[in-house]
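Read through the structure below, which is laid out as structure tokens, and then see the notes.
Every chain is named by a letter (A, B, C and D) in the order it is written, and numbering of its residues begins at 1.
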Amino acid sequence: MANFGGHAIPGTFFLFYGFWLTVKYVLQHYWRTMQLKGRMVMPPFFKKMDYFEGGFQIFASFVGIMVEQFVVDGPHARLYDRETQEWVKLMNWQHSTMYLFFGISGISLVVCTLLKKIPAGVDRVALSLALFVEGFLFYHHLHGRELLDAHIHSLLLVAVFCGSASIMLEVFMRNNVILELFGAGMFILQGSWFYQVGFVLYPLNGDMWDLKLHTNVMFITMCFCWHLAAALLLVTCTVSAVWFTLMRFSVKGRNVEIGMRDASPKSSSQKALLEESDEE
Amino acid sequence: MANFGGHAIPGTFFLFYGFWLTVKYVLQHYWRTMQLKGRMVMPPFFKKMDYFEGGFQIFASFVGIMVEQFVVDGPHARLYDRETQEWVKLMNWQHSTMYLFFGISGISLVVCTLLKKIPAGVDRVALSLALFVEGFLFYHHLHGRELLDAHIHSLLLVAVFCGSASIMLEVFMRNNVILELFGAGMFILQGSWFYQVGFVLYPLNGDMWDLKLHTNVMFITMCFCWHLAAALLLVTCTVSAVWFTLMRFSVKGRNVEIGMRDASPKSSSQKALLEESDEE
Amino acid sequence: MANFGGHAIPGTFFLFYGFWLTVKYVLQHYWRTMQLKGRMVMPPFFKKMDYFEGGFQIFASFVGIMVEQFVVDGPHARLYDRETQEWVKLMNWQHSTMYLFFGISGISLVVCTLLKKIPAGVDRVALSLALFVEGFLFYHHLHGRELLDAHIHSLLLVAVFCGSASIMLEVFMRNNVILELFGAGMFILQGSWFYQVGFVLYPLNGDMWDLKLHTNVMFITMCFCWHLAAALLLVTCTVSAVWFTLMRFSVKGRNVEIGMRDASPKSSSQKALLEESDEE
Amino acid sequence: MANFGGHAIPGTFFLFYGFWLTVKYVLQHYWRTMQLKGRMVMPPFFKKMDYFEGGFQIFASFVGIMVEQFVVDGPHARLYDRETQEWVKLMNWQHSTMYLFFGISGISLVVCTLLKKIPAGVDRVALSLALFVEGFLFYHHLHGRELLDAHIHSLLLVAVFCGSASIMLEVFMRNNVILELFGAGMFILQGSWFYQVGFVLYPLNGDMWDLKLHTNVMFITMCFCWHLAAALLLVTCTVSAVWFTLMRFSVKGRNVEIGMRDASPKSSSQKALLEESDEE
């Protein structure tokens, strides 16, 4: 993966996953907020989202592992070469391990959605562990690199470990929308930072960065904060867009509903309903 | 900002902000405590305070960014100089980034106050992140400095990160007055320590400190504890002053109220009210 | 203990303890879940489990201390040799200290089960401290070792300290099954990792590992993640097996119960009961 | 304080303070547990304990500061010597600072007990900060010492910071007896460890320890765990002793009470009371 594409692919995945989580959490929060008035019930839709999310995680992890193992210069499922007395392509094995844990996370999400008996939060533990393992492997990966290379990856770890901690907290504080959106924002930050790592270490225009220069380290640190600001902005925009869409649709839906009722003679119970919807 | 003024200005801001927060939190706590007896309702006033606070944060951040960018020897919004192949005035850019996050915090405070639908705590997340970013940039700023210079700034980080953690906790524990005042105290500590940094690194009488002497480091560490004690004292005094003022006014207000009622013939319910206020 | 057996014995113990805890916690969780319907009450069985667990901990710790002290080349309860002016067999003393704390944990578990007045959670504090002391002694044990030796032991510490923190959390969050199973999983991980340490440092086939090679460190880090995945899998399988066994037995038990009732003329309340069991 | 006595005095204080806290917390827990049955109310006694504790803290801190400042070779309230351009007796100033914060803790305890309006927990924040400042000053005190000297003091910090964290937690979880006793145990551990530091650095028999020997470090680490075990044992014994004394006295008191009632003709309500006390 030591090229621009190898950083852009995971970056794209994490960006989309963060975006997906943001949308999902806003929909759930909207439903929880509105549910109090007892109008609409849409859990089947949420279940379908979770099945899709879990299924996609499993599928993508499986493909990822296969690609890492059976790419032309991959290890082809061979771990140790007895002849040269060397480990075979440890980098690919490490990436496979990361994918494995995201796959486990996907399986646990599907199983949690399927079976009601499983205590809420198991899927979050699995997702948090997947991020922890990713950060853990990256952390022991940085040994002996150039200053800027190590620094830019350690900044990635800030996003990874913050996300992992935030999602672990969700196990104990269910349905806290701020925590959920923070976790989603950390995925977006991670995704956009993967792109930044790609741009710096494998610049598209071929202009190599000086990996030892201290001012480069200072700029990259500041740049990470800009990515954080951008991630916050993106989450905010997505939340607002989803929220306003929901508001508009639910108002329309209600008007249609009321219009249909008007055709039939009004009973006292329908009048009460109308009054109720006016009050809201 | 490498002079005394450059440390005195943020110091003054943080001192006043900590003082403002202390007053605001005491007022809110007083209102929450008294509210149980169902007498006075003054949320419009608190909303105005929040609008003012948020608006001032936005304004000050905007001015700060403009000054940092367009001061005579500033970067004038230019980030990279292609000719010399160097980053332009990274220090000013870092300060602009810090201001940016305080601006975001201000915006989120205003929006949170405006819209009821936004879950409580979003403003605290933004303020906590602003402090985190400040500390984060400072931390990666200390590399390669003299012993005392690095130490005195790392003590600043203690106040910054404690404040950030305390405010992040407020997201999950709303309306805990101890936590709120602790956060305010950390702002005051930060403010007074900025002055101390200024006094040590750019002494007004021109007597330079020996930045390599270990006893100086020991003194500065102890001095930080004195600033902490002073911050605690200041918070305590402010809280007491505000509280006693409120007590006196509310007693007076009640007497006036009761006096007005005395003119009309006493009903049994008013007698009960009088007795209630005597008991308090 | 500087041989394979010295790592396999504690490994086996921790593996079995993690397995035992998993089974215990699933049984308790099942009982808590079912208890709501007010059918079966089986606390005496749980008390017996706790007595057995505590008693075994005490017994094993006592045996462990005796073996460490009075083995042929042990310190024989002598701490300091005045003649050679050296500490006698500090390693054995350290292991004895670890056993001592697991013994304390066992005592506190027995006492907590015996006396109702003792606040719930004291046994968890003791178990958490036992793990903390184990990790604490290991941590100050690593000084001056070869790269791979130090690294493989520091990975052990990850499992130990995560387990300690998780069990400490249980003091404040009682009966959270996810937390309990996570703690049990950390014991299993610790157990299996002890085996791995034995295999690497004292290979059975005599093929010594190069303790200075960086790729070995990278492989071991990844291998730790595989052990984590295996521990998760083992916990999941155990939980599923216990749960399905319980479900089958409780359904059978109910059928027998219902069959007995069928002999007598059906009352309306019994019909309701039958319907209730169908719904589940 | 660079002698045995200088470590024995704070050690004695902390030992007694930990012991005092243990007794206080057990009494409070006993009262809270029994209170549910609505028999005895003894808060005035607890208030007196708190006044005494706070008053003693203030008195001892004042004496401590005076002694540190005006002892023969003390700084006599002079901070900087303009002639030699050196700080005067920084060690004494540091100790004075530590005392100051314990004094603040005492003041806050007295004020919290006096005034009901002060939110519960302010006294704990002050005590936690006092421990934090102690640890903070110690931590920046260790620079450039011999291996064993630095290590034995850093172990002290483990007790200090664990105590500080535990007491800070009490702010958010009031009346959790496990947390309270853990905090008290940390004071006892700190006290006994001060003695150990004295014995090692200033041995009474004049046999100096080799401060560079690694086995000494290993022994001291293990020794800290033994102190921890001893502290746990001491807390347990104290708790048991106090609890049994209370049980015996309350049973006697009840018998007397019942005996007095027996003289008067039994009413149905008294019979119920007798039955209630039998059940307990």
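The rule is short, and it goes like this: contacts are C-beta pairs under 8 Å (C-beta built on N, C-alpha and C of every residue); 3 or more make two chains touch, one makes a residue touch a chain.
Just so you know, these numbers come straight off a predicted model, no measurement behind them.
Visitor: Please identify each chain that touches subunit A as well as subunit C.
Guide: none
Visitor: Since subunit A and subunit B are copies that touch, just let me know if over half of their interface numbering is common to both, same, or not, different.
Guide: different
Visitor: Farthest chain from subunit C, going by mean C-alpha coordinates, please.
Guide: B
Visitor: Which integer distance in Å separates the CA centroid of subunit A from that of subunit D?
Guide: The answer is 47 Å.
Visitor: Averaging over Cα atoms per chain, report the distance between subunit C and subunit D in Å.
Guide: Roughly 33 Å, centre to centre.
Visitor: Which residue numbers or ranges of subunit A touch two or more of the other chains?
Guide: Subunit A, residues with two or more chain partners: not present.
Visitor: Check the chains against each other and report every pair that touches.
Guide: A-B, A-C, B-D, C-D
Visitor: Spell out the part of subunit B that touches subunit A in their complex, as residue ranges.
Guide: Answer in residue numbers: 86-87, 90, 93-94, 97, 100-101, 104, 117, 119, 121-122, 125-126, 129, 133, 136-137, 140-141, 143-144, 171-172.
Visitor: With touch defined as at the start, can you tell me which subunit B residues reach subunit D in the complex?
Guide: The contact residues of subunit B facing subunit D are 29, 33, 173, 176-178, 182, 214-219, 221-222, 225-226, 228-229, 232, 243.
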